[in-house]
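Okay, structure first, notes after.
Lettered A, B, C and D in written order, each chain numbered from 1.
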Amino acid sequence: MTVAASVEHVQDIISRTPYLSWLGLKVLALGPDSIEVRATWREEWGASPTVGQTPGGILAAVIDFTADFALMGALGRAAPTIDLRVDYHRMTIKSDLIAKGKIIKLGKQVSVCEARLYDDKERLVASGRGSFFTAPPSS
Amino acid sequence: MTVAASVEHVQDIISRTPYLSWLGLKVLALGPDSIEVRATWREEWGASPTVGQTPGGILAAVIDFTADFALMGALGRAAPTIDLRVDYHRMTIKSDLIAKGKIIKLGKQVSVCEARLYDDKERLVASGRGSFFTAPPSS
Amino acid sequence: MTVAASVEHVQDIISRTPYLSWLGLKVLALGPDSIEVRATWREEWGASPTVGQTPGGILAAVIDFTADFALMGALGRAAPTIDLRVDYHRMTIKSDLIAKGKIIKLGKQVSVCEARLYDDKERLVASGRGSFFTAPPSS
Amino acid sequence: MTVAASVEHVQDIISRTPYLSWLGLKVLALGPDSIEVRATWREEWGASPTVGQTPGGILAAVIDFTADFALMGALGRAAPTIDLRVDYHRMTIKSDLIAKGKIIKLGKQVSVCEARLYDDKERLVASGRGSFFTAPPSS
């Protein structure tokens, strides 16, 4: 299978997008139906006054990005998120995140992809899946 | 029904929590099974290099907070998120968000709450629901 | 608002559909963005050898139907389910179910509807939401 | 890893449970964190008067069972479903279903498992994941 986009192309999209830059995303690998990225911990990721764990919203954001951009190698583009499900498995504190995305179903109009997030000790922190609207842009 | 927490108490939690402060959350109302908050738009909320719409991860974060803190009036505390579902309804660009959360089921061990997000023209932007672990903290 | 279908029309679809007939569905009311139905308990609804509670798959089926057919009053038709989320709130044993469905967002290509199920004592048993593919059928 | 239950034990639970018997479930394999089952098509699985495709509620029921019983090899028991997400990928008509379940996260209080359903031509029909309440039964 060929890969319809390059690591550099995805990294360039990130660098031009304020929120993706803020998440500190680095593309580690891109396959025909998968992607692997790192998200870089930052001070604003503190979900409570005392514990300081990474908030669910950040984990959801990284899962959304990673599941969506798993489409890059197949379609050469990401697609609008229809909906997202996120499961939270364990607390993570001041750790970068490694995120692995994979296509479950590449459909004509709707595609489904999943993502899993690991902390810097390779423990599963969160996982999820989303539906993406992959119908061709109307002319 | 009595309300187990005050607007001031929730606002104080926000002010001491880096991520919630970063989201610019203001509590507008708190009821026995509901909450209403405003999230304040900021430059880092740009989901694409060209359009600049608010990213799905931000909407997910506000839904997670709002659904979870709908428990405040009933329990006097929020609870760990087990999982979250978010549906994206329309794009929003450079708008504050009004979020309304409500308890669907207050359970002994697991509770379910929903949230709806509106833009500054009162259009529904996103909605969702989450499961929260509301078993009493073990002693 | 006008209602694009009648109770009789929906009941006729049920009567001609093996699985919907098997669920014992009776349409109680139909509005422009809502529907109310009853599902009739039957012996095959036994989810365990001992307790005999109604299985999650039956509750999911009734939620899927009710959320989808909440579109009837607006569109005059149901639509293919893209995905479904179901939350289980309490066990129900040998009870009929009352299901209330409502449109959350009527979209051009994707719509989102919710449903809540109650037992014969009006206790909330399960609830959920689904995404439905409401783009016009291609010609 | 040892497997905490046998194929025969799970098949015996199915045979004593009305709804699981009605789904025609046969256990094909059981591993320490996985299960594979077949569900047998029957006339009542007709989701529309004309096309006769297998309804979403049946697919949801098989996903719920398969994800839940993926816990069998690890725990020696299934667990109550907290919530379920199902994605529908393609229509299936009058086909048995092969279902493969797998544990994503075995947790102390909540576990998450996924399942994928294939038709008799090995095409992916539906997939999903659920949260299950795996805290030890209280004494």
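Details
In this section, contacts are C-beta pairs under 8 Å (C-beta built on N, C-alpha and C of every residue); 3 or more make two chains touch, one makes a residue touch a chain.
Just so we're clear, the structure is a prediction, and the values are computed from it rather than from any experiment.
Its interface matching that of B-D in over half of the contact pairs by residue number, A-C stands out among A-C, C-D or A-D. Chain pair with the larger contact count among A-B and B-C is A-B, by C-beta pairs in contact.
Chain centres here are Cα averages; for subunit B and subunit C they lie 28 Å apart. In terms of their C-alpha centroids, the spacing between subunit A and subunit B amounts to 21 Å.
Multi-chain contact residues, meaning those touching two or more other chains, occur in subunit A at positions 82-83, 85, 87, 112, 131.
The part of subunit D that touches subunit C in the complex is made up of residues 13, 16-20, 22-23, 43-49, 52, 55-58, 60-62, 64-65, 80-88. If you check the complex, the residues on subunit B that touch subunit D are 82-83, 85, 109-110, 112, 131, 133, 135. Those residues of subunit B lying in contact with subunit C across their complex are 85, 87, 89, 104-105, 107, 112, 116, 124, 127, 129, 131.
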